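Read through the structure below, which is laid out as structure tokens, and then see the notes.
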Amino acid sequence: MDWLGPEEWQAVALSLRVSLWATVASLPLGILAAYALARWSFPGKQLLNGLVHLPLILPPVVTGYLLLLTFGTQGPVGGPLSELGIVFAFRWTGAALAAGVMAFPLMVRAIRLSIEAVDPRLEQASATLGASPPWVFVTVTLPLILPGVVAGAILAFAKAMGEFGATITFVSNIPGETRTIPSAIYAFLQVPGGEDAATRLVLVSVGVAMGALLLSEWIARRVAARVGGA
Amino acid sequence: DRITVFAAASLTNAMAEIEAGFEATTGHEVAVSLAGSSALARQIQQGAPADIFISANPGWMDALESDGLLETGTRVDLLRNSLVLIAHGPEAAPVEIGAGLDLAGLLGERRLAMALVEAVPAGIYGKAALESLGLWESVAPRVAQADNVRAALALVATGEAPYGIVYATDAVAEEDVTVIGTFPAASHPPIVYPAADLANRDVAAEAAFLDYLRGPEARAAFERQGFIVVAD
Amino acid sequence: MTLEVRIRHSFGGFTLDAAFDAPAGVTVLFGRSGSGKTTIVNAVAGLLRPEGGRIAVDGRVLTDTEARVWLPPHRRRLGTIFQEGRLLPHLTVRQNLRYGAWFAPRDARREDMGRIVEMLGIGHLLDRRPGALSGGEKQRVAIGRALLSAPAAILADEPLAALDEARKAEILPYFERLRDEVAVPILYVSHAASEVARLATTVVALEAGRVVAQGPAAEVLGDPGVTPLGPREVGAVLETRVVAHHADGLTELSAGGVQLFLPRIARAEGARARVRIAAHEVLLSRGAPAGLSALNILPGTVREVRPGDGPGAIVALDTPAGRVLARVTRRSVAALSLAPGVPVHAVVKSVSVAPEDVGAR
Amino acid sequence: MTLEVRIRHSFGGFTLDAAFDAPAGVTVLFGRSGSGKTTIVNAVAGLLRPEGGRIAVDGRVLTDTEARVWLPPHRRRLGTIFQEGRLLPHLTVRQNLRYGAWFAPRDARREDMGRIVEMLGIGHLLDRRPGALSGGEKQRVAIGRALLSAPAAILADEPLAALDEARKAEILPYFERLRDEVAVPILYVSHAASEVARLATTVVALEAGRVVAQGPAAEVLGDPGVTPLGPREVGAVLETRVVAHHADGLTELSAGGVQLFLPRIARAEGARARVRIAAHEVLLSRGAPAGLSALNILPGTVREVRPGDGPGAIVALDTPAGRVLARVTRRSVAALSLAPGVPVHAVVKSVSVAPEDVGAR
Amino acid sequence: MDWLGPEEWQAVALSLRVSLWATVASLPLGILAAYALARWSFPGKQLLNGLVHLPLILPPVVTGYLLLLTFGTQGPVGGPLSELGIVFAFRWTGAALAAGVMAFPLMVRAIRLSIEAVDPRLEQASATLGASPPWVFVTVTLPLILPGVVAGAILAFAKAMGEFGATITFVSNIPGETRTIPSAIYAFLQVPGGEDAATRLVLVSVGVAMGALLLSEWIARRVAARVGGA
């Protein structure tokens, strides 16, 4: 299609890649954190809880700045990692990290609520049939929380598609590397006459996210129908 | 060679033209990262792989310079801008900007849109101008501060605020606002966009790009956006 | 193999303090609603950590609060049938049935799925999910699931309560077979007298969290002084041998030389069978009765007469077939001058030995 | 007041097509697991919209698929007791009990909470939440909740299945009182013969979604050809009058001039009582038996002999007390030459009339 | 305390007010939307679903701009409302509106997940006892979803405490009226050397949100204990 320029298509493709990776890579951690918060009690649980929510509370610029300080090539985490060849700073991986961090609280909350709604008596029944706790999780808990996991993933994906403040602050706005749709929109909005291009990008972004949303609803309905009967 | 340019987001349009022209004439590749000057400067402090920095105000360039992050002798004042008073609507009457302007009277109960007066360059310059004209005291309670000058413009364009102070460059393309006066250059510190080569890397393309910025093609591009190019 | 249970636990107003041994065979745990049966099952299954006590299967300690031993439920391998089914809602019936087998040790003795499915009458349900089953269907699947998990012992919490009589009668034999063929202890919660009599090797009666009677089934059930399920449910158990199956559908049994006729029972000639004769279905006659429709008449002597609280009395007889209990009115005790030593005939209609009351032995 | 039910509905492999009327009194709906009982209850309660049919209470249409009438559940005012309790987990037992009263019309006849709490033995549970109740306790609270909601009719889906015999015996009289004192129809799902016999005014037998027999309880239960619960559960019902309560704990009844003795029943002298005599507990004798512990002997004439599939036969007698059914072996039929017109004596032990089988009338 | 200046205290107080109102005022609507999405089927349901998620997908600046266009005194909604004396533009109420809109998807998702986990058979039981649908909702559904409502509210509150982009675009930054903590932090971060002041505000913001988080956890635990037994 020619109503988007090549740079804009690049931003769309990049946003998709960043959001997908942010979602997929944070999902296992999100499930783990949600499970820990819902079911375990351990010292520092409330600390973990707070930490998970932090990106929601902080203005995105602050989160981005903290990421820059921590995961930048000079940072206490980014430094050692860059020695190992893992670089986030000013790479699309960094954009994915920022988007993942910003979306994490949403993902964890959704999954946690689902876990809390699982009847523990079903998990007990599974244990009496010989399933060890990891197997109980995989064969009972996980299938039962699937709607919550899907909801959490879609929230995270949508959030990642829209994430801007932390991303631009952390990894800047480099075309083809870190210029996601929201960053491109931002740049267009900073100059006279950029509104049309911005609007086009907004439409693409909304279209993609809505598609993902519909897909997730469909998945959730399928899962619910399976559990409900027939 | 491929170079990365960190440029203030207000240069988006001009940089697009310059990037294309520079790549066509020199064969070098350029990537331009557009964001707020403060974000870009902080990233440079944290080791961003930028080769050229064009800031929308001297303050952040000073900060980088004192951190020793600039290639000595490469800093130049590239562009200038002017501040204008704008009003909502296509046909507002012009006013005389000076100590006698009853800006507070014009506003009444309504708001004057500006960028953040303590933080964002356009706001800082605007506040300075109003202070030097003796108008600040009377309008300060009516100021609505946006996070950047484009947002301030939008407030006037939508009619939410009847008047606003923005850069001349921002006002040109907006149909719903009228420039009703320009602040005298002497009423505020000079509005300068400095540019510099950063000290992290040294490739030929950097110097070439700085030269190109001051060349005729770039000048034309900047002027098309309403900037005043600082003569050497 | 024995399941040793010693549990102390309390919830608010309720205190459980029970100790009993469940040897191989079926130990029926019974008691009124709220007496603590489910609490015991949960503690044995490892779903409740009792405040104190020790639970062991054949020396393998599952719980020992003093030694701080506590085996998690999945390592206990106790096939548990819950009072409320607890099928996994996201799996089909077939997957629910296979679930336990996934985790069973490779070398575990496996039941044949097809046979159990047929026995439980759930073949047409295999592809449904639990949401689309009736109450009784759910419970049948839950039974199958536990049986198919190759368990080291079985815990069943009122597994048949939701089933109709006909279905109960079909499923009970399977528990019997389990009891007789497999050396695993079965702890079976029930409040149906026929189930108790038919299945129980050992009986444990619970009242408000305390064990009030326990012992071998024949002993506890044949003692006229123990009426744990109420006087209506007293009944003695006779050890018999199948003599012949007759053409008219009756099976002839011999109990200590006395002939008994029952509707056909599914046991080979020569096999042993345990027959429960409910005390309230036994009539006593001073003379040898004639012209009666009852086929089974056991001559005997009154051993003991135990008047109850109401108008009834339980009369224990010694007959060649063994101890027989009869529940009669005190008016009849007087009318027939029943007293220890008096010779008397026990009249039992063949059909009054309920099919559920015939167990394999 | 009559509940008219006509429902057609199908789920995948199962098709329900049932029509029956439930007049005032208790209509017992019975059938095997999976025969469609709960489906009917749900349709009547308004929780399932049947594909076709019409449901009305006393002319008030609840559902009529043709006229497109469908009343939502909360406007039906049917006190429903579910097979699985369904207590509200966030409310205490007391709040659960009071829940229905909040929504009852101001002028509705209200039960006394204290009395029902006492009857159900749940006084000590009032401040607990359902999570801390045993299976039977939950079901008792669910019964109380439905009774206390001032319902226009009661739907009970196996309400007593989870209860022990003693508790059942305590609660059954209340359903009887409800039947006798209040003119609301009660639709009662059960598969326990004693409940059917004791409570049923009308009996509806369901098999695989179809009604196979229905009618007044005495008629259906006294017909030797209808054995909806299996031949073991056949039994006739006699209409009697209380003559006297004797000092030895027996109650003397008169049934068409014939004397009957039962363990004391809680009914005033002169009151009417309905007594069910299970066919398998009746012995037949050609001569007038003497020296037997059985107190009740009814002379009569054989009316019909109906051989069953197995070794048994059902013999219907006409006695002065009414129709009596006896289940005997075919061997005995031959031995005693039983045939229509033959005079014979029915022997019934007093105690074999189970307490649950005595109903007020 | 004197480590925060009066203007900063003003920002803290304002942020609290804005976040509380944003949360409280959007709660009924959030519950309604969640219920509609979880339980009803109606034409345009997926449209509503998309609309609810929109603030998550769009860059905040865009959301702020759309709010300005819609709820500004010249806007199609804001205009008529301002005739009635309800003004959002440049008022703290507008900040609350922006924060509420931005937080709405999070709130709705959390509540919706809880509603989907409620066993409909309990609601049916309540209906057979005479409770009409609104009463069923109030006496059964609502108490059972309380943990989800609390989670949704706390997510919304935290988000509102951190919301910046849409707020400043919509109602700009007027000390004492619309200058919330994030706006103040942003301003400090725009100038070299503003990090210290920003850090102090970040700490206050985090403290407040963590307090709210702990409170919500405590409430959720109490509710769970009540439903679970004892």
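Letters A, B, C, D and E name the chains as they come in the text, with residue numbers starting at 1 for each one.
One rule holds for everything that comes next: contacts are C-beta pairs under 8 Å (C-beta built on N, C-alpha and C of every residue); 3 or more make two chains touch, one makes a residue touch a chain.
Labels paired with UniProt names: A, E = Molybdenum transport system permease; C, D = Molybdenum ABC transporter ATP-binding protein.
Keep in mind the model is a prediction, meaning the values are calculated, not measured.
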Going from chain A to chain C via touching chains takes a minimum number of steps equal to 1
By that same contact rule, can you tell me which chains touch chain B and chain C alike?
A
So, in whole Å, the Cα centroid of chain B is separated from that of chain D by 90
For chain A and chain B, what's the span in angstrom between their mean Cα positions?
34
Per the C-alpha means, the centres of chain A and chain D lie apart by a whole-Å value of 60
Chain E: which residues touch two or more other chains?
61, 165, 186, 189, 230
If you look at chain D, which of its residues touch at least two other chains?
12, 84, 128, 132
Following the definition at the start, I'd like every touching pair of chains, please.
A-B, A-C, A-E, B-E, C-D, D-E
Interface with chain D, chain C side, in the complex: residues 11-13, 31-34, 37-38, 83-84, 124, 128, 132, 134-137, 140, 158, 161-167, 191, 193, 229-230, 232-233, 246, 248-250, 261, 263-264, 280-281, 283-287, 289-295, 310-312, 326-332, 335-336, 338, 347, 349-352, 354-355
As the complex stands, chain B meets chain E at residues 36, 38, 41, 59-60, 62-63, 111, 113, 116, 118-120, 143-147, 151-152, 154-155, 158-160
Give the list of chain E residues in touch with chain D in this complex.
121-122, 124-133, 135-136, 139-140, 143-144, 226-230
Taking the complex as given, what residues does chain E use to touch chain B?
61, 65, 68-69, 72-75, 89-90, 165, 168-169, 171-174, 183, 186-194
Can you tell me which positions in chain C touch chain A when the two form their complex?
45-47, 72-80, 82, 84, 86-90, 99-100, 102-104, 128-129, 131-132, 145-146, 149
